[in-house]
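The letters A, B, C, D, E and F name the chains in turn, as written, and every chain counts its residues from 1.
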Amino acid sequence: MNEIYELQYALDTFYFLVCGALVMWMAAGFSMLEAGLVRSKNTTEILTKNVALFAVSCFMYLICGYAIMYDGGIGLMGIEAFDQAEVLAASEEAGFSGDSVYSSASDFFFQVVFVATAMSIVSGAVAERMKLWSFLAFAVVMTGVIYPLEGSWTWNGKDVFGLYNLGELGFSDFAGSGIVHMAGAAAALAGVLLLGARKGKYGPNGQVNAIPGANLPLATLGTFILWMGWFGFNGGSVLKLGDASNAHSVAMVFLNTNAAAAGGLIGALLLARIWFGKADLTMALNGALAGLVAITAEPSTPTALQASAIGLIGGVIVVCSIMGLEKLKIDDPVGAISVHGVVGLFGLLVVPLTNDASTFLGQIVGALTIFGWVFIASTVVWLVIKVVAGIRVSEEDEFNGVDIAECGMEAYPEFTNK
Amino acid sequence: MNEIYELQYALDTFYFLVCGALVMWMAAGFSMLEAGLVRSKNTTEILTKNVALFAVSCFMYLICGYAIMYDGGIGLMGIEAFDQAEVLAASEEAGFSGDSVYSSASDFFFQVVFVATAMSIVSGAVAERMKLWSFLAFAVVMTGVIYPLEGSWTWNGKDVFGLYNLGELGFSDFAGSGIVHMAGAAAALAGVLLLGARKGKYGPNGQVNAIPGANLPLATLGTFILWMGWFGFNGGSVLKLGDASNAHSVAMVFLNTNAAAAGGLIGALLLARIWFGKADLTMALNGALAGLVAITAEPSTPTALQASAIGLIGGVIVVCSIMGLEKLKIDDPVGAISVHGVVGLFGLLVVPLTNDASTFLGQIVGALTIFGWVFIASTVVWLVIKVVAGIRVSEEDEFNGVDIAECGMEAYPEFTNK
Amino acid sequence: MNEIYELQYALDTFYFLVCGALVMWMAAGFSMLEAGLVRSKNTTEILTKNVALFAVSCFMYLICGYAIMYDGGIGLMGIEAFDQAEVLAASEEAGFSGDSVYSSASDFFFQVVFVATAMSIVSGAVAERMKLWSFLAFAVVMTGVIYPLEGSWTWNGKDVFGLYNLGELGFSDFAGSGIVHMAGAAAALAGVLLLGARKGKYGPNGQVNAIPGANLPLATLGTFILWMGWFGFNGGSVLKLGDASNAHSVAMVFLNTNAAAAGGLIGALLLARIWFGKADLTMALNGALAGLVAITAEPSTPTALQASAIGLIGGVIVVCSIMGLEKLKIDDPVGAISVHGVVGLFGLLVVPLTNDASTFLGQIVGALTIFGWVFIASTVVWLVIKVVAGIRVSEEDEFNGVDIAECGMEAYPEFTNK
Amino acid sequence: MKLVTAIIKPFKLDDVRESLSDIGVNGVTVTEVKGFGRQKGHTELYRGAEYVVDFLPKVKVEVAVDDSLVDAVTEAVISAASTGKIGDGKIFVSSLEEVVRIRTGETGVEAV
Amino acid sequence: MKLVTAIIKPFKLDDVRESLSDIGVNGVTVTEVKGFGRQKGHTELYRGAEYVVDFLPKVKVEVAVDDSLVDAVTEAVISAASTGKIGDGKIFVSSLEEVVRIRTGETGVEAV
Amino acid sequence: MKLVTAIIKPFKLDDVRESLSDIGVNGVTVTEVKGFGRQKGHTELYRGAEYVVDFLPKVKVEVAVDDSLVDAVTEAVISAASTGKIGDGKIFVSSLEEVVRIRTGETGVEAV
């Protein structure tokens, strides 16, 4: 039996690592999506932000984030230790079909890439006008403290500031529609409100000007990367693969994740076609992502048709939300607040329809808690940074593009622009 | 022993999911390949087609395709159910080294991405001139009915219209050189013949004009993505990983798949060098894909050298086929008909050389059946769509690029074009 | 117990295949990185080099490289054979926690993608001026003989030309900082020294001129691909997953690989910011790769903090090295010699700090052996090619771009260049 | 010497060049330009926001010719570039005081 | 007929076009150009090596008008394009001997 | 005032600009153009089909100068742009009736 436990341990560890590598890959997805949807003069900077925020997230979560969220050691002290006897004892206690026993290093690896995902959401929304180093300073606090604290209340079951317990209220967020996506969107929204819109985005008479992204193949590639990575994001969140029941659960999660993405894309594309008269590719891409965000709060209990419907509604919502935010002059170049925030909330709210273990009350309190905490904490941090160093580039730098100002380097130096 | 069966179930399910995720990734590969090989004015539209066809394929196969092909429930009804006792009984019956027992959800996930692959083949061939919504209407029928029916005769062993049985005739197509690739090419060919060539492709005196693709790095990226995804495509088609013999078989499939791709690339590159005097990158890319298609019908029985040779011949064939189709004025901007159709046929025909369980007769009848059915059914569907809504954009829209006409949006709005 | 051994065999084989597919994916990473960092007029050619070198590497290693390195059969003769009894006997002998028993086909697959990695390093350094076919001729010898021989001394434990044994001296290179990366860099350096700098790179008064890469999103994508693929590169090099201790080891390798990459990026980005006053994206990308190279020699023994530090130092070193090579007028468009060579050496030298089984002496002798052999052998081969066919394109072709001269085809034919 | 400058529709460039060759003009210089005139631009859409692309792609063809050829060149351009639809473009004729071939230093008619 | 050519800063193009419309000019032809003058370029950086981008993006606006309109056009351009900062650009006026509308063959004032 | 327009080979641009600076010319306007002339284009290949790229990349340099400087400018361009190989380009000189500096409204020689 010990060999069986060891194989189960190995299989579950590997499953975490493969899923984690897929989630890591989402960092490339966000980079390409954002690089495709900004203007070419701001492309080098958004790329720099994306690679740097990923590194910062990994570093900060390693230093203190994981410790705050899951009571581990500072700097992952001791994570390298392995004790076979302990592993076997834990497996024995859990039983073959019980809780998963797997390498804590694989757990960290899987968790760390989630932090980076949350942070990636922010970069898109504040693109084309935020200072690079101010953004990275925010990333340090967001990934080192703000997100881990919120994560400790949800996935680690701690009381919210010692006051109430979300789990007890029936809050459930399988893979993080709220904990990761809406959290990222809340931080983004705080930043966007303080930053203001890009120059020229809104005209004097309330008209909305289009600022087309420079490279749609990149944006499409980014969406496909995210779609693929999401199998790791949701699939890994079953947390165990190594018995038949859990394996089937993981498979259902893959199936439903894909169905929701497809539904979201179809919903958004059709709505855009009807509303605008054209097949708006960027809306279709946002729709696919919306489907993915919508299903993330609970991809294991819906049937395939339910998952398709949840995704489709997510895709419809995201188009409406994007148009609505434009009306409110909340300028989000890539639609991150709509995709991850508005649809993330929707995802949380539909969980009780298919998962009896969750309650509407729990979902609402949970959503308010996450949003409230991240939004307020982020506002404070953005404000401090604003006072100390400023968060917005100068008008001239914005006009010339932040690439030259911040990175000294053009993204497409040889190509002539219109 | 039950735990061992459960681990085997978990491992095989995971193997399907990982392979399925790799095949899903091929959708990105086709998108990038096609986006790289069309002109910039048609890039947004081809991207839209590719993301939308993937979503449509997933949706239609979920609704009825899988049911038609494998006698499952409409809308995957009941696929979410899990019964441990049943699983264990099935495993017992199959035995440890017998047929694979794994989650039906993972099976669907693996199958659905194949449908999308077949459909992706079509989009490239009809690029730059077909109406977006007509194309998507075709995708609905192709992925919901045409492909599933054909798949039921082959991978599900049903009689062809109750007349004859391909399996009994000795037809064998391991991962779908014919069932997926040639089928996609047959649908593409039907579309291309009805559509006609792009304006300006063929001159008045029979001369062939070059219409260079706008972005070769994208095309190269797409090829690498396809190459990678193909490990899932062929590797997963062993259908079982969980005993030593099958694991070795999966490994041989990976090895041979890679060897054939390498062979195909070398074959095409050298032939292009000799024939045209230059190292034609696009031919090299098509050669790699041709190698992959060629080995797909049987990647498990050839030796490594045989696989290299099969790939190499595939690479040579594809160059000749592309040049030949040009002579026939069959305009296929990305070479899809040659890569997937002509080389797919070649792949089917070499199976009996290394796999005794197949016969030449079976391969020929199978090829004719697949091609005949898909080509005729597709022609009918294309014709209906043509009458109802038209399939070709107006001359003016073609001249201005379909991006503006169909999507209202340029792919590279800032860059000046020659 | 036999079933347990078979499951272990299956799991370990699958682990190799998954890791191998990730390493294969690195070929796309190198392609995109290099295509992004050269000028647009040399982009088709660098893409052609990259796809072709991958195919040539796979072919040559299959034909003779693997045989030379690991005493296998020429052309992998016999690798397809499977004998269950043999497998079980081997597993019995090794014991459940002993050496890994897995499919030899998966072993080849994992090894072959390493060869391609080594060769990819060369293409970047000699970009924009080397003849395509001369480069491919070199690739034939490098991947068929030079690398395999060196690999046989290290990973296969053979005596160096029958003179001394690196393993006995305490040489240890876990995943190939030296064996793969520094080896590639040594071949690249030999080529660069014989080729000379690109025209216009160095001014008459010793000034260094910037030759900006044409497409930074591609370069960033390439880096992300490499980062992801590296999990397979290092993670697979544990060589066994199938017991708890090894599974934990694989997890630590993933964790440390990621930490080092993040550290390297941060180190390089901060240093560039301080030194040049701007956030140099290309340096940040090189920094991440440097972190990865630095940890590759030993990713399993450092703690997470140590791995971060090793990566960070790697990132600092790479910036200094790039600036230093510029001073020496060694023109390396993508920084390959610094990233893989200089930092590869650094990676080797820090191994003894965390791994007691290695010695400084062993590391130094090993580094000298690898560098010496590869550098000298490469120089000879480059010289022979130079005499026979020339290695540098004509001045006119260099001025017009090698794309037209070698491939007859532009990478971005529609876009207007400055 | 005169400089004949024609603003034409881009897809007419090859026709114009050929019809100029036919009357013995051996050299032209071509520039991508954007035109604004009676012909209206088109509307694009991005994430629900419409915007008008006012400027239409046009091509400017410049030909330096001897005075005697001006009429022939003008004719040739008109016949090749005209589609009869709005936006066909304009021809401007101006006077050149001197023309030099850089390679040889030749001037005047010799130079073109 | 005269040809008024203005080299202006790119972001002033829309203003200039509007102020020309206001005085009844219905057509202009626009070219992307790069200018070198008193206004200095900027420095970029690549992997530690600095380089100066000397040439600044400018836009050339060409308008063919009747002689009587030249002053109005010049005024309109100056008022719309001027920022008071170095690099605002130049206006050149030259004479056109003939203007033809390709579509109709009309010449002179009729043609613009 | 005169306008000197030179069509040159792109890689000669820096040399020309420098030699113009040397004779005191402070401003130039540069346009990417494509030239067709005695110099032949090159052949490209795409999937087995050959095609000729007729138009060669050239650069148009425009300089407005006082009449007195025209010869010096012409000389400077010739000496800097000439390679002696076919395709070196042309120089056109035409007359400007007026030159205005947008920023200040200065005209004539003051304006350049």
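Here is the rule we use: contacts are C-beta pairs under 8 Å (C-beta built on N, C-alpha and C of every residue); 3 or more make two chains touch, one makes a residue touch a chain.
Please read all numbers here as calculations on a predicted model, not as lab measurements.
*Asks:* When you check each chain against subunit A and subunit B, which touch both of them?
*Replies:* C, D
*Asks:* Tally the contacting C-beta pairs at the A-E interface and at the B-F interface, and name the larger one.
*Replies:* B-F
*Asks:* Just give me the whole-number Å value for how far the CA centre of subunit B lies from that of subunit E.
*Replies:* That gives a centre separation of 53 Å.
*Asks:* Report the inter-chain centroid distance for subunit A and subunit C in whole angstrom, where each centroid is the mean of the CA atoms.
*Replies:* 32
*Asks:* Would you give the residues of subunit B that are in contact with at least 2 other chains, written as numbers and ranges?
*Replies:* 4, 7, 11, 18, 212-213, 215, 221, 276-278, 280, 282, 408-410, 412-413, 415-416, 418
*Asks:* Mark out which residues of subunit F touch at least two other chains, giving numbers and ranges.
*Replies:* Each of 31-32, 44-46, 94-95 in subunit F touches at least two other chains.
*Asks:* Considering only which chains touch which, label the overall pattern as line, ring, star, complete or other.
*Replies:* Other.
*Asks:* Pairwise, which chains touch?
*Replies:* Final set of chain pairs in contact is A-B, A-C, A-D, A-E, B-C, B-D, B-F, C-E, C-F, D-E, D-F, E-F.
*Asks:* Enumerate the contact residues on subunit C facing subunit F in the complex.
*Replies:* Interface residues on subunit C, with respect to subunit F: 399, 404, 408-410, 413, 416, 418.
*Asks:* For subunit A, which residues count as touching subunit C in their complex?
*Replies:* 3-7, 9-11, 13-14, 16-18, 20-21, 24-25, 27-28, 31-32, 35-36, 43-45, 47-48, 50-52, 54-56, 58-59, 62, 75-77, 79-80, 82, 84, 87-88, 102-106, 108-109, 112, 132-133, 215, 218, 221, 406-416
*Asks:* Sort out for me which residues of subunit F touch subunit D in the complex.
*Replies:* Residues 2, 6-8, 31-38, 54-55, 58, 60, 74, 77-78, 81-95.
*Asks:* Using the touch definition up top, name the residues of subunit A that touch subunit D in the complex.
*Replies:* 208-213, 272, 275-278, 280, 282-283, 319, 322-323, 326, 335
*Asks:* Give every residue of subunit D touching subunit B within the complex, in rising order.
*Replies:* 11, 32, 42-46
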